[in-house]
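The two complexes that follow have subunit A in common; it is paired with subunit B in the first and with subunit C in the second.
This part shows the complex of A and B:
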């Protein structure tokens, strides 16, 4: 029953968004609302805000008129699948690195003082400076016969954004058990490892799950932006810059990869939600978000 | 029961995440190892695959590089790629880049050489709708002038300054995006447009007033080639340090230029097939747009008046350098402050390549070249 309601409300939200879009397009002035020379509300003409129907019918037309060109939706689906898998690699690396850092910082107070500022600082490096650097260094890396692939650079950048919430969230979680619980463990003469496994890790779950969700969102954003930045072929990021040139003559086309990115985000969120469902028994005290 | 279901769910979700991750690993093909005795060579482009680079894709598809013993990998650029840095860092053997952009890098210490000036003419224009009455650079005064910036703006600024316009106070400069929406919406009176790309984007758009596509008759075009402020664009750049010391790299450079030129000759004689080659190489531009681009790029190369495709005309080079030293952009800086070193360009290698091609009886000037008439479709489809 509640699940049904959730789906219903979700669908309603999407419909509402569509109604808002078309509604504003219908009543808004075609040149937007301009106050003191500043555009405060966007233009409503067909170039700036194409009709939803334009965007959706475009999805079922071929990408180009070349023979054998696939339908736009299938090209976007393929690209979204590629971006999602690269983001998943980035997410996994980010989660592993973030967890390891959190455990290290929980174990050694010195590590926490030494690492935490750098963890925070790492997120202030702009992506556009980082991406070409990673791609450049990566292209000189060889593992024996195997060469560094461009998609690895993108996954690495995604993991760079993904590890941050995990390390901060997990650290907070690992430190969350009450003092008496920790001291109880100590009176039992239980070592640090066992305390970690039986007390700290389970207690960290309520903090970890939102962090995993943030990490998933960050990994997806990191993937798309890094694709744009280094021009990796195959994903939706690259597709966005490719289709931008059609913005005026074929206004429905550039929206397709944006829909693709939205779908990736939803799938990533669903995956994390499934993990949360599996860990339900540890989610005591978590404020439902 | 409930317990085990949760464990199963957990295992499934983790398996799903790892499967996704693994599919990322497996879906990329292994880098091709050099076949036989071919020398692996990497070419770094300055943008994504499109007909602007048709000659190199044609040379790959037609096997011209293979015939010279080269196994060429073409690397596309992303939004933040600086092609010349790939050559300087040894990630690529050659790069395609505009001359003014590289002149700045050279002054900052990047040691590279223009070994073949593929595009003889500039493709940059400033376009406006007829009713704005902008037919010459001087007319830009007081107008909303679009500029891409990031090193794409110098010809425009040189043109305006040459017409006596104060480019700080005399115009209102508008940052132009990489589509023409701002121009079509009237935010920009005169927009930057490459003949082979943005100009076509406008002609692929339906004019809301007439219900048909915009035509060339709706637009005024300021062509910087006519104004005398054109600068050299797509050239093949090589590592100057290796050229000076490595005789293997020298002969490889001649081979690379020779095969690339053969590619461009193929594009001249087979524009439609070349457009298809670029599309097959992964470009998703519309078919009529791709053909338009191929044809317009041909016009920038052919006929060659500098003694054969790729030859660097010393007076055009000198003009580019002069503009690079004297023109200030909106931030008040010039590209370079001193004359670039002698190693910045060299005709040595392209001359050898052209001599070899001439003995093979290939037409290297294209004096009888006649462009196609390409009809653009809505959206470039």
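This part shows the complex of A and C:
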């Protein structure tokens, strides 16, 4: 019942967005609404606001007019798959680093005082400023024969955005057990490590899951933006820039990588939802005795 | 054989802000023999929970000594000489009933098969065999508390420490749990230190009732109940004359006045109750955590 309602409302939201788009396009002036020389509402001509149908049919046409060019949707799918895997690597690094920081801060009060302000501060550094820096430093790094790849820089930047919600959420979760539970572990004469494994980690899961979802969204955004900033080929970020130049003659084309990015975000969210489902026994609400 | 618990000249002082301090316990002397059931009773803030926490080595005394089976309290904790149950059942919500009872065994490296067997045995003992695979949120408060007691018995301790374990239960459940606890003690032969603020509960369960007073926490009197061995206690006892006499003795010790004066007070409008009725402290909320147990 509630699931059905959820699907219904979700679909309704998408339909509403489409109706709004096509509705404004139908009634709005083709040069947009201009007040005192400022454009407050966009132009509605087919170049600025293509029909939804144009965007979708464009997906099934070849990328370019050159012979043997693949269909646009397949190129976008390929790029989206590449971006998703880079984002996944970034997410994973972010989760590991975030968890380690949280555990460290839980273990040592001084570490919390010393680290937490920096963790918060780290998120105020603009991503665009960071990307070339990481790529520049990365280009000087070698591991024996292996060389630092540009996609590694992108994953690193994605992880930089992803670790933040994880460290903050996990810290709250690790500190969530009731005093009774912590003292019970003390009466069992078990150390910090066993308490972490049997009590604090399981107790942190309800706090951790929303953090993982935020981290996934952050990792996807970080990947797309870093791809643009570093100029990494193969992902949807770079594809957006490339296709944007085609907008004047082919208005449906730039929308394809945007749809690709949306699909990546949905897949990432679904992945975290699956993790939440697997861990559902840790999400039972505590009931008063 | 050494005593289960020996408390000698123990005191506990909690420092507060601005140099102030609270004397939670002052010069406490108490022994608990092996297999003996001793209740600590008194108004909120009398330090009864603090005393229990000192015995459990969850806090350290400011002065004096605590011995458990002839060892320091810390060593006894490390050796797992006692089992403990709190007012909140404190079950881990992500573990089944069996998983919760197995927790101490698992932490101490007992093998899986032995754990299962012991948990099944304890579940039968507390009458919850049909609920082995349920989760805590699927149980009533009384059932959760029974699981917590089974967990405290998991490693067959010679000493049980219980901090108002039935405090959050309704009166009916509470009496049933008391009957069960008496039976469990008879079967396991463990000594018990039991914190409560219910006079009938203390009298029904105990061999001796330790009456305490607040600010500073001191022992006013130790009332021997002597209602016979645990195995012979049942619901009938709650209406026996010896039970009422002991309730009266504990009440008088708590008030520090003879029974006649208490009756005179009640005639003058000061609330009191029929013998055995819980009127003094039952409605009182548990002590503010900061004072009672920090």
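Criterion: the second predicted complex is superposed on the first by the 267 of 289 C-alpha atoms of A that agree within 3 Å, B and C clash if a C-alpha of one lies under 4 Å from a C-alpha of the other, contacts with A are read in each partner's own complex, and residues count from 1 in each chain.
Everything that follows uses one rule, which is that a residue touches a chain if its C-beta (ideal position, glycine included) is under 8 Å from a C-beta of that chain, and two chains touch if they have at least 3 such contacts.
As the structure is a prediction and not an experimental result, all values here were calculated from the model.
By the touch criterion stated above, A:92 is placed in contact with subunit B alone, subunit C being left untouched.
By the document's definition of touching, neither partner reaches A:125: not subunit B, not subunit C. Once chain A of one complex is fitted onto chain A of the other, the partner contacts of A:114 are absent, as it touches neither subunit B nor subunit C. In the superposition on chain A, contact is made by A:199 with subunit C only, not with subunit B. Of the two partner chains, subunit C is the only one that A:186 touches; subunit B does not reach it. After overlaying the two complexes on the shared chain, residue contacts for A:17 are found with neither subunit B nor subunit C.
Of the two partner chains, neither subunit B nor subunit C is touched by A:8. When the two structures are aligned on the shared chain, A:282 is found in touch with subunit C, with no touch to subunit B.
Ranked by how many residues of subunit A each touches, subunit B and subunit C are led by B. When the two complexes are laid over each other on chain A, subunit A has residues 281 in contact with both subunit B and subunit C. Of all residues in subunit C, those touching subunit A in their complex are 56-58, 77-78, 80, 82, 84, 86-94, 103-104, 106-108, 135-137, 141, 144-145, 148, 168. Of all residues in subunit B, those touching subunit A in their complex are 6-7, 9-14, 16-18, 20-21, 23-25, 27-28, 30-31, 33, 48, 76-82, 85-86, 89-91, 178-181, 184-185, 197, 201-202, 204-206, 208, 276, 279, 282-289, 377-381. Subunit A contributes residues 43, 45-48, 63-66, 75, 82, 84-86, 88-89, 91-92, 128, 131-132, 135-136, 139-140, 145-147, 149, 151, 155, 227-233, 238-239, 241-250, 253, 271, 274-275, 277-281 to its touches with subunit B in the complex.
In the complex of the two chains, the subunit A residues touching subunit C come out as 178, 180-181, 183-190, 194, 198-199, 202, 205, 281-282, 284-289.
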